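Each in structure tokens, the structures are laid out below.
Each of the next two complexes has chain A plus one other chain: chain B in the first, chain C in the second.
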Partner chain A sequence: MRHQLTLGIGPATFRIGSAWRQPLDQLARLYADYPQPSGTIADFTVRLQPAGFTRRWLRPSIFITGDHGLADAAPMSLAHGLLAAEMGMNLQMALGWRRHLLLHASSVERDGRALVMTGESGSGKSTLAAQLGERGWRLMGDEFALLDLDTGMIFPFPRLVSLKNRAIDVIAGEAPPERMGPLLAGTAKGDIRHLVPRADAIAAMGQGARPAMLIFPRFGPEAELRAVGQGEVFMRLTQASTNYVALGEPGFAALTRFVTSVPARAIDFPSGDAAIAMVEQLWDQLP
Partner chain B sequence: MSARPLVHALRDPATVTGLDESGWNALIAMARAERLIGTLAHRIGDRPVPQAVRAILTDALTDAEREARQALWEADRAAEALAPLDGPVILLKGTAYAAASLSAAQGRFIGDLDILVPRDALPMVEQALFAAGWEWVKSDPYDDAYYRQWMHELPPLIHASRDRIIDVHHTVLPLTARQTPDAAAMIADAVPLPNGLAILSPEDRICHSVAHLLADGDMQGGLRNLWDIHCLLDGADDRRLAQRAARHGLARHVRQAQRLAAALYGDGARLTLWDRIVIARLLARDGWGRERRKLLVFAFYIRSHWLRMPPAMLAHHLFTKWRKGHRPA
Partner chain C sequence: MTTQRYRREDADATVACALEDMALLYHRPSGQTHMVISPVPELLDQMGDGAALTPQELHDRMAQLYDLGPREEALAQVEAHLAELAALGLVRRA
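For the complex of A and B:
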């Protein structure tokens, strides 16, 4: 394709081709601390191509696809090209990654142990992970936690953190401006701004951690803490995994081990600070 | 760039050891786009390849293995549901090749379950599948009526809990197609497999695959279909195949498929101008996995409709679909 960039994030390498220069320039700048090994063999190809014959120039519009794609994906404005590239990479992971059990979860690490947070979009798991990442934890990823099929370790996929709407101001108050991407206003998910993880988190993106706790966070009016039974955890994680079915028996075995060995809690929190206090307290109580 | 590198790698996998990084990226992207990555992985086997490639090929083989397992389970479920049917459930395409352990099945992507049943058994088959948990994928009255009046298969059914699609065929080509293969003869000569299943005879398998590649459809995924044919032709008896093809009205198409398979995957063949045009269409894929030669691809799309229906009916059909918002990709 006309423009291309190769990016290494965690264990995966992406070859991204684009009909336009701008999204790749933004990507190269924000991913400056990541490996950009041009000319290596990539795990996935991502394509940002014009959504129609004239759409390279006229009201430029991006169709996101690649090795794996969705035929009915809605085209995106070139102004949101950075988001399109991110979505393109996520799509390849979600549909094509087979070397770990993929959990739709954020994760952070401290003292060699991982805290995994899962929940629906809007539960606050991304923001919580980003905040913990600014406060002494190592950010492992805000979107996918990779569960190793053989060892049961969690491996990072520390792409840019995607901050939405109110979370943007919360994090912009903590992280330096040079680690914040451009404001993408009025996307299908509202306003979005990306956060570059800290340099030490990027440098450690090959290092796994033993999972020590699973949290189901939910932004809510009252602080509340609940235990969650293993049956429920198992069912919720099968729904939170995009490749559980594709992995077959090894996926089942890895998830069973995770569910039976990692304590799980659901927390409702009224504010970010409250959530962090609850998490720290739970963490300190771990054996 | 065309899909030549993919065809070369499938024909002679030893040549991949000479690829550089960008050559591998292109080969992998086109193999995925043509749904031949598992087949490619199988062909490459244990030959030395870069570590990054080995990981991708291993993933592809694991996927293919799981798909074959799921496909055979789905076939088993269909056989169970259709036990009241007088005769076995005849498997078609990928599931059939897997069930009979044919070379075409090695590493092959398998999508929906395709079965062939006698046309007069259709009402009973529909009822039995409903009772066992299958339901219509979508209910559009025009599409439903269209399928029932003109097509060679029922509208697709999906299983409510397993989420897998079954296509129930009662003949080979749409009823409006120029050729009318003899489905009753195919059913009569099917080869039984264990567990209430069956597969078409060696010659009929080829005729069926050729009919779909060359007498129907727009050649999307044609490289894979031609790979199937290449594998199925291996060991087929030429004289019996020619006789059978003639009976189905597919003699010309089968001869062309033999030339195309030999040209792309075998030892070469003398090609006609039309062969060369078909090959240009089959190879319309670049090293990013994109479809190329848009006009040629579109011409084949038009041709697929032309083959399926007479002009007045085609005009009516396209107008109806257009009003419903359908646009060719």
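For the complex of A and C:
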């Protein structure tokens, strides 16, 4: 590919190749504070290539591919090249990572213990993690939590936080502008803007934490808190994991250990401040 | 009334984990995880010695430990569970 960039995020290394310079320049700026990966062997390759022969110049249109591809992935506009690169990295992790049980969850850390938050897209888990990350917690990741198969620790994957629609203004009000990426308007998921995690979160991206609480957040009209039974937790986490089946028995052992040792709560929250107050209260009640 | 006998798979074939409200069985040969609720864990426990049992014999073992209610109804349920477990590969027809 004409342009290349290598990024290390948590334990994973990505080599990103692109037919265009612009997405890689944006990535390089936003990932400038991340440690440079040592060595040259990447875990994954992501390629941003023209959707067709002439599409590098004429209404340029990006096709995302790499070690693991999705046959029906729709081409994206070059203006959304940064999003294409981020989606490509997520896709490679989701389909190819085997060293940890991969949970589609956000996570934050305080005092060496991790709070894991999982839910469907739009549940608010990403925004909540970003807000906590601006208010004294260490952001470990907004998309994937990596559950170590041997130790049961949660390890970070602190890529850029992908803020969507209303979350953009919420976080832009708390984080300095130099940590915000460009506004990508009108993507398939609406408006998107990326947030660079705080420098201390990036510096600690190799440090795991013992999981202490699991939360299923849901943005809703009224604040509500309920306990979640272990059976439901197990089922929802298998659905939230992209590699549970592929990992086989070590995945079963890691997930059952997590489910039987980590208390779980579902919270409905009408605002970010309400959610943070509920989280802080639950956290303070932990033994 | 069936005389089909069923035998539990080797004890090593499954890994069990009890949760608050259900039990999980990881089936090593298939790599599948089964979420089961009572009375399935109890039925499998009673087959733990590896004996090939008819539904009647398994029912009678269970009836010594649990109040199963009317025999005919309970027996029909035991038969149905055994057929399901055989389909999942957790017990075998002997």
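Please note the rule applied: the second predicted complex is superposed on the first by the 283 of 287 C-alpha atoms of A that agree within 3 Å, B and C clash if a C-alpha of one lies under 4 Å from a C-alpha of the other, contacts with A are read in each partner's own complex, and residues count from 1 in each chain.
Throughout what follows, a contact is a pair of C-beta atoms (placed from the backbone, for glycine too) under 8 Å apart; a residue touches a chain by one contact, two chains touch by 3 or more.
Here the structure is a predicted model, which is why all the values come from computation and not from measurement.
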item	value
Superposed partners chain B and chain C on chain A - clash or fit	fit
Geometry of the superposed three-chain model: angle at chain A (Cα centres of chain B and chain C, steps of 10 degrees)	60
First, second, both or neither for A:Q230, with chain B first and chain C second	second
Chain B versus chain C as contact partner of A:S123, first or second or both or neither	neither
Which of chain B and chain C A:T45 touches, first, second, both or neither	first
Which superposed partner A:R98 touches (first chain B, second chain C, both, neither)	first
First, second, both or neither for A:D67, with chain B first and chain C second	first
Chain B versus chain C as contact partner of A:S77, first or second or both or neither	neither
First, second, both or neither for A:M1, with chain B first and chain C second	first
More chain A residues in contact - chain B or chain C	B
Touching partner for A:T13 - first (chain B), second (chain C), both, neither	first
First (chain B), second (chain C), both or neither touched by A:T260	second
Minimum Cα separation, chain C to chain B, after superposition on A (Å)	6
Chain B and chain C contact sites that coincide on chain A, given as residue numbers	248
Contacting residues of chain A [partner chain B, same complex]	1, 13, 15, 17, 39-43, 45, 47, 49, 66-68, 71, 98-99, 246, 248
Touch list for chain A against partner chain C, complex	229-231, 234-235, 238, 245, 248-249, 252-253, 256, 259-260
List of chain B residues in touch with chain A within their complex	21-22, 24-25, 28-29, 32-33, 50, 52-53, 55-56, 59, 62-63, 66, 69, 288-290, 329
Chain A-touching residues of chain C, taken from the complex the two chains share	15, 17, 19-22, 24, 26, 28, 31, 33, 35
